[in-house]
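Which chain is which? They are A, B, C, D, E and F, in the order written, and residues in each are numbered from 1.
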């Protein structure tokens, strides 16, 4: 069955707010890995306080993905280092997501 | 050339069995990153023993992906925190996978 | 809007050269996570010096992805542990990538 | 009898965790601290063992192994009183409580130093022996003689787990090198021990606090068990200590071991061997209830009682 | 007056970073080091507080809180002189400079030990009090009374941040346990302190070096501010130290606190409460300019001047 | 002559690794340990250097650099005896064996303390000098004068690698600050040294064990080389020590350095400069064969022999 995989890469300090907001918008789960990288807001590396990034993945249906994306666009895009992208994925237990 | 990317997110304590099982079912490689997250079995965080998750990626052909997925479904789905999803990927050296 | 997601999994010691080469070939950013795994060059684990892998993601257009991939193929495929794969992704601000 | 400062670190962690403070020790730090604690407890035991007649030691270690089984069986019996609890869950929790917690043991050692009571240093060897039997028992109780993955794979999980390897390794190192040989590494492994324990307890407080929320979910029976079982285990431990003729200090340690529940070796082994048991249940009981209870209330309580009744005690 | 070796570690880090050497301390190591520093500074303050009359202490702590606000307001005033700087950026930078840097404080403590000048140990308690007020001030300056996410969420970010929790927690532990109680953990927390500070400064040198490139980007005004403001803050700190009747050693510490800029608590809080402020600007100023300046030039300079003018100084 | 306990830690790691025990030190812990070791070895050398006449020191350091080249050339000659080994592989392995292992050096220092034999402390400075020349030699042997990426980039890899930077940095800090200046950081960097070395060897044992499987894959020639070359290197080292007039202790250290093979600086540099060389080959040889051999057998063996023949030795 098809679902969406939404990947968000952003500042580690946003973690709590992001988790709360994602769940509030209907996601049933998320997975986070620590990451570092570079983009329009310069190099972001861990190693000192929360200077690094997190990479958040959410498997969900298209509507939830859309809700999360537009929430992020409105609230965080302007002021935070953040990118996100969307892919189609096939899952085994679609009722979970 | 098209191949499948199978991503498994599950408990870190399963790592050894997972690797053995994946290889046994025909995968030629795998990549693991440490992760944490939340799903139907609650929050899973590292920081204490093996309380965290691993995120396992396997690039392989569709048949191998199918074999791995059904093995996981039969043996681990019921008792372990685990999700998996499948995507199409394009690879450069298809003979490797 | 559609863009490409290029994922490169390779030796951690290549990090600096990889970043320089990626940017030189037109990528506007990249994200790195630490990883370990196994492939045709045996097990690669962190825990001792730079024995582990990195997983590098680049969101870019198809031409840049192609340039990076062929550069890697020519310079690093033979001598380094490395795989790469390509996917389609949908992004919100295509002008960024 | 003032509070040992290491307890204050545990309370700090517990408080910071409960208030959701932005404080997390990275898992690498936790790993480092636990490796140091396990090795130094093992080495202390090993150094002390060389002074004890081998025959006597073997008898005591055998007695202690029996104690682990007894505690496990009693725990299982108590847990089976609940209808709601699956057999596999009862067996898994019993394994945790028959096994022991190295962190709790370290706190009891610090407590004895704090109140100035000596003990048989070789009791550290008991910790190693106590870890394993109840885990095997729990597997048999849950699955008869058929653990998931087979006994071979299982033996690996149990005997080659971090805590057994490091305690046993430390024991051997202590035994072979002796106090003089280990002098050079004493600044890191022995002098810094209490500071390392303090940091470890800070982390354990943080971890316990995150588990607190789960208590509610798991119902009142498990909560009650996690508070009553330490007392039962303490009585078993004290009984064995009496029979084995330990001093007051040694008795407190064995009592504490009886009262304590494993949160390193048992969870890892049960997860693999009895996957159908809910790991949240046993971990919450042992980590979020029994561990804080023993550290904050149990150890001083056991000590008061033992002090009042123990043959060799001054009081 | 020879160079304190901890400064050499900072220079090593700075040099290695500037040369792009392949040297990085993992973030887990940084976390461990900063946790140890915060706890031990807190505990030192707590131990010393028990000797000070409560009334006097409260007055001094209140004075110090005012000092944080004064420094913040002065910083904001200076920053508003620039047309190019957004109000939110000025407010955020002011919050950093009104708040304090624990690392800089630790270097000043090591400096006093190096030159053999004693100080009021309870000054460590000032560090805790100085952290917070200027952060709140900065938020009000930037957004009036409407921080992003509301005051409730914000209080969490500010008061439950790592540095406040560990300093305050250490303070309480030190106060409750006292010097005798803390003897057991002294090898790790006090004897190893200077070595830990040395490693921490090595890391800070590496971090500062990676930020050096950003200075250029942020323009000459911010650079100038980051060099001038420490002197202004030092004067404010020295003034408060004089009014509060501190000794030469205590005065150096309060002067240094005034001169220092936060790079742990303030960045975290401002990022959440005033997200429109550019975090690169304030961090580069405080970490890549003011921190090295204070460590390498400022502290010895302040000491010379204070030594020349301070009532109780021999010189 | 009893076994130094740090060796027991290495054996514990080796055993645990061979049994596939569930024991892994996080890479952050390894990083911390290696940073501490490199810095304290560097500082010890630096402190000792201030007592030695500059002229004599320069001559000795030059001699030692030559020794690195000689060892590398001899290793290359031996390796070229095999038809199966590519030239780049021979060159890369030669670079590893001409360079040195800081961990092995630390074990030899602990050994001397254990047997109570003193040595010229400034030998630590030799470690820095020995690291680099053979690496450059290996590159020239493999690629003539054309390393991958050019000499500029390469110089960065070699001279700005972790081990050179920390050893050299430590050396300078030790030289500038001197023994008195470094007193404050001595609990962490010097008193805890042996404990840190013990943990480091535990980790190295685990790492070496994971490499053991690879020996088989790489064939008997490389295995034989990894056992014979230490003896050859030891002879070269002892010869240089004799010519340089070192004491018995100093001679053991230089002999051990000659016998040891790099597993930090050389692998990193060769991977970048000679990518066509198989890194598994050289790492397995140096880490899984030569390192254990030197630690377990070599150092005591070299000592016995030197003791029997050395001019200033009592025996």
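A few notes on this one:
The definition used in the following text is that a contact is a pair of C-beta atoms (placed from the backbone, for glycine too) under 8 Å apart; a residue touches a chain by one contact, two chains touch by 3 or more.
Nothing here was measured: the structure is a model prediction, and the numbers come from that model.
Contact with subunit B and subunit D alike is made by no chain in this entry. For the pair subunit C and subunit E, the distance between C-alpha centroids works out to 40 Å. Averaged C-alpha coordinates put the centre of subunit A at 34 Å from the centre of subunit E.
Shown for subunit D are the residues that touch two or more other chains, namely 25-29, 32, 187, 192, 268.
Shared interface positions of subunit A, defined as residues touching 2 or more other chains, are 33-34, 87. Under the contact rule defined at the top, the touching pairs of chains are A-B, A-C, A-E, B-C, B-D, C-F, D-E, D-F, E-F. Touching subunit F in their complex are the following residues of subunit C: 11, 13, 17, 41-43, 45-50, 52, 76, 78-80. Across the complex, subunit F meets subunit C through its residues 24-27, 30, 149, 203, 206-207, 210, 214, 263-264, 267-268, 271-272, 275-276, 280. Considering their complex, residues 26-29, 31-32, 35-36, 156-157, 160-162, 165-166, 169, 172-173, 176-177, 181-182, 184-189, 192, 268 of subunit E touch subunit D.
Subunit F meets subunit D in the complex at residues 2-6, 8-9, 12, 15-16, 19-23, 25-29, 32, 110, 113-114, 187, 191-192, 194-196, 198-199.
Across the complex, subunit A meets subunit B through its residues 3, 5, 19, 23, 28-34, 59, 87-93, 96.
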